[in-house]
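Each of the next two complexes has subunit A plus one other chain: subunit B in the first, subunit C in the second.
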Partner chain A sequence: MVMVGLPLAALMWEATSEGTQSFRDAVSSPEAVAALKLTLGASLAVAVLNAVLGTITAWVLVRDDFRGKTVVNAIIDLPFALPTIVAGLTLLALYGPTSPVGIDVAFSRTSIVLALMFVTLPFVVRTVQPVLQELDPELEEAAHSLGASTWTTFRRIVLPNILPGILSGVALAFAKAVGEFGSLVIITGNIPFETEVSSVHIYGRIESGDSAGAAAVAVVLLAISFATLVSIGVIRHFATRHDR
Partner chain B sequence: MSILVRNVSKRFGDFVALDDVSLDAESGALTALLGPSGSGKSTLLRIIAGLETADEGAILLGGKDATAVAPQKRNVGFVFQHYAAFKHMTVRDNIAFGLKVRKRPKAEIAERVDELLNLVQLQNFGHRYPAQLSGGQRQRMGLARALAPEPQVLLLDEPFGALDARVRSELREWLRRLHDVVHVTTVFVTHDQDEAMEISDQIAVINHGRLEQAGSPRELYDNPASEFVMTFVGDAQPLGEALVRPHDIDLLTEPVDGAVEAMIVRVTLLGRDAKVELHDASGAELVVLMTRDRFDDAGYWRGQTVWALPQRERVFAETA
Partner chain C sequence: MKRLLSRLGLRTLALAYLALILVGPLAVVFWRTFEDGFGPAWDALTTPETLNAFKLTLIITAIAVPVNTVFGIVCALAIVRRRFRGKGLLNAFIDLPLALSPVVVGLALFLLYGRDGWFGSWLDDRGIEVLFALPAMVIATIFVSLPFVAREVVPTLREIGDDQEQAARTLGASGWQTFWRITLPSIRWAVIYGVILTTARCLGEYGAVAVVSGRLQGETETATLRVQERYEAFDLAGAYAISIVLALIAILVLVAMTVIRPKEGTA
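And now, the complex of A and B:
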């Protein structure tokens, strides 16, 4: 409680130290609102993209056998282990002005989505994988023998069983994306109203000596993370309601 | 619809699961695939269902070659040992699944599901989820689900294997009665010879991926084709060069031709039957079962020397 609660209390204290009016001003300044909109939009887009990509990746890792599967399986965790600033540098090298693959998206909104997808993909893969592993293949065989096509079987049998896993993975990925800083600060160029996300905006506020304003925006991010965590709990509750 | 299995072979890597198996199941008959675990009986059932493909050979359903037909198109009902219940659906929705997939009208589906709930005695459980049912109830749901689209073939893979003994024997009788009502060609896999003897019209004994013998329970018991069948279907023990069943031995108090001298070492009364254990001169054990009446009339005692005369012994050529 002290470890988690004390810093949070300090943050709240700082955010409201200059009164609720300045809190409201800091949160509703055009630059802060633009950054927040961009952060939420990009995070949502990334969450949806990773729901699909992460599920496909998990599916391939669980159901298919191919050479180098163990290596691929290990690489999935790389974004977890990699310092995000290193991830940012890597992405700049890959998608920047000197890109070896000829894709230059640096300092654009596309770069935000790419960077966030990279750092959050393992969240979805690692939550869907165990659910898929536990899914009895006999369920699909039963559906097939009852006349269901592969697509119908996926939609009516597989998806309802793995959806809670996908959703909680997506929620984790979203929460991580909302607060991501390291991998974005290099590649996005941090152009206000253009590519500046909330975490970078907070950093900018501190740089210019406005620590109360920084704390105010931080409180908003905190609230979003908290709401996301609560939604994960709700998803888990509903997902297991027929097992009890 | 009849099922014909023609020269089916299946390998998993180096393991030969099925080796040139041919089998006929008449339309409307109840056939048991009987064998020890790992004998290939489940693989054969899965090949009939199309859930597994044969390396060689053919499956004919109702006279038509179904070898390359997808399981969805075979019109086969399949019941799994561990139920394979769709746990996110109610019992009603589980049973209705095959009908919804076939896009039948809603009213027709509701009517058919009610009919099946009655048939499997789950009338009051339609709105429950599988997790709220007992094992026996779940398996009855599995059966209703498989029967809903009116399959021409019903396949059951050790359907009672996960249930306790009492529920198992109840369900076994119930399946027999159900089969008398529904008349669908049925094949079920079991490793329990009593189960196979009790409910099937035909038993196919499978061992090490080969069909040892197929025939009526009586044929198999009375005329086993191999030592394996004789020992697997009913009890059998060696007596001299031959195999004999415990019920088919007379114990005489005087020596006669063909009888083996032995000493009674233990007598157990099992209600209506009496079990007499003997050692012959070489120390080999022999078990004889007889009715209590016969036992009481003869008055055998422990330590008595008797002559065991086999009545229906069988000699099988050494199987290579």
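And now, the complex of A and C:
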């Protein structure tokens, strides 16, 4: 509690130490606003991509059967195990200026989405997978034999059951994406107003000695993280209440 | 027939997604690193600065992992077995490091231990170096890897219930004995799983350490900071070589996770 609470208290203190006016100035400076807009936009895009691709991946891992599934299942956790800075460097190796396949998205906004997709990949898969495992395949079989198409079965039978899982996975991915730093510093080039996200913006302010300004922007990120955690709590609450 | 097609289609889509995002980039780095054989990679790894960076990473991990393991078990026991005021708050706080930006964590510690920070002048008077030195880096690493053990242990503790613990108590075991003989053996796989995740996080921490370390080459530079430094010095081979070592550790972590996961339910 002290470990987590005290530093955050110091952060709040610094952010407001020079009065609310300077707090507002720091947060509403054009560069800070541009960075925050970019962060939220990219994180939302990545959250949506995760919802779709993560759910498909979880479905394939649970309902499908093929050689090497154990390996594929293990690889899902790679972003949890791989240092983020290494993630950024590896993405740059394939999708950067020296790309062997000729795709170069480095230092563009696409690269932000790419890096965020990498680091958030496991969240939706890992929250949907256990729920799908619990879900009886016979329900789906029954729907099929009654003439429902694959899509209808998914929409009417599977989706309502896994929706809380998808939502909490998406929320976790969103929180992670908003705060991501390590994987972005190399691949995005950190160009202000172009590819500079909030965490990089905060880092820049610290480096230039503006710790009050950095703290002000950090408080905004902190509030977003906290709100996301609360909404995950709410989703879980409703999901388990439904079961009882 | 249509169902088979859609099944194959989804499988292809999922595998292509994983290949493009996860496997492909890593494979390219492996290929680039060993393009000219093992020699250049080995030379890049054995420079004094790089060796020192790895040593520092290992020291930090060796301190942070045991601390977080003990803390995680204690927290999990408190959350599951005890009732007290502010339990909900503890529950929320323990997840916060997962949702927080590492840069925000680093900044918060920077403001606490820096020269103008709350503890800064007190520490300065006594000549204790925290910021831009090992202590701050250890604290930052502990902060970001705080929740993993507790998060793994909490569900297991809930699942096993406290019947056995109460039985041990009635038979006259002390609280300490009950913990060592009954509780710990039944949560051991969850603890090990949590420790693996914590270790991976500690070895790979970048953002928080970047802020509090001051990145003094050869002094407060960890392996991950070294990757960035080598990249900025246009020494791509050096950056790749360090990355490969960290990636190999990550793969080991994945193997360990896969081996341990099925045992979780039966432990």
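The working rule: the second predicted complex is superposed on the first by the 241 of 244 C-alpha atoms of A that agree within 3 Å, B and C clash if a C-alpha of one lies under 4 Å from a C-alpha of the other, contacts with A are read in each partner's own complex, and residues count from 1 in each chain.
In this section, a contact is a pair of C-beta atoms (placed from the backbone, for glycine too) under 8 Å apart; a residue touches a chain by one contact, two chains touch by 3 or more.
Predicted model, so just to flag it, every value in this text is computed and none were measured.
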item	value
Subunit B versus subunit C as contact partner of A:Asp136, first or second or both or neither	first
Touched partner set for A:His144, first subunit B, second subunit C, both or neither	both
Which of subunit B and subunit C A:Ile157 touches, first, second, both or neither	first
Which of subunit B and subunit C A:Pro100 touches, first, second, both or neither	second
Contacts of A:Ala45 with subunit B and subunit C, given as first, second, both or neither	neither
Contacts of A:Tyr203 with subunit B and subunit C, given as first, second, both or neither	second
Partner chain(s) touched by A:Leu8 [first = subunit B, second = subunit C, both, neither]	second
Contacts of A:Val62 with subunit B and subunit C, given as first, second, both or neither	neither
If touched residues of subunit A are counted for subunit B and for subunit C, the larger one	C
Doubly contacted subunit A residues - partners subunit C and subunit B	144, 149
Sites on subunit C touched by subunit A in the complex	2-3, 6-7, 10-11, 13-15, 17-18, 21-26, 28-29, 31-32, 89-90, 92-112, 114, 116-118, 142-143, 146, 197, 200, 203-207, 210-211, 223-224, 227-228, 231, 239-240, 243, 246-247, 249-251, 253-255, 257-258
Residues of subunit B that touch subunit A when the two form their complex	49-51, 70-78, 80, 82, 84, 86-88, 97-98, 101-102, 129-131, 145-146, 148-149
Residue ranges of subunit A touching subunit C (in the complex, touch as defined)	1, 3-8, 10-11, 13-14, 53, 56-57, 59-61, 63-64, 66, 70, 72-87, 89-91, 93-95, 100, 114, 117-118, 121, 144, 149-150, 172, 175-176, 178-182, 185-186, 198-200, 202-203, 206, 211, 214-215, 218, 221-222, 225-226, 228-230, 233
Subunit B contact footprint on subunit A (complex, rising order)	136, 138-139, 141-149, 152, 156-157, 160-161, 242-244
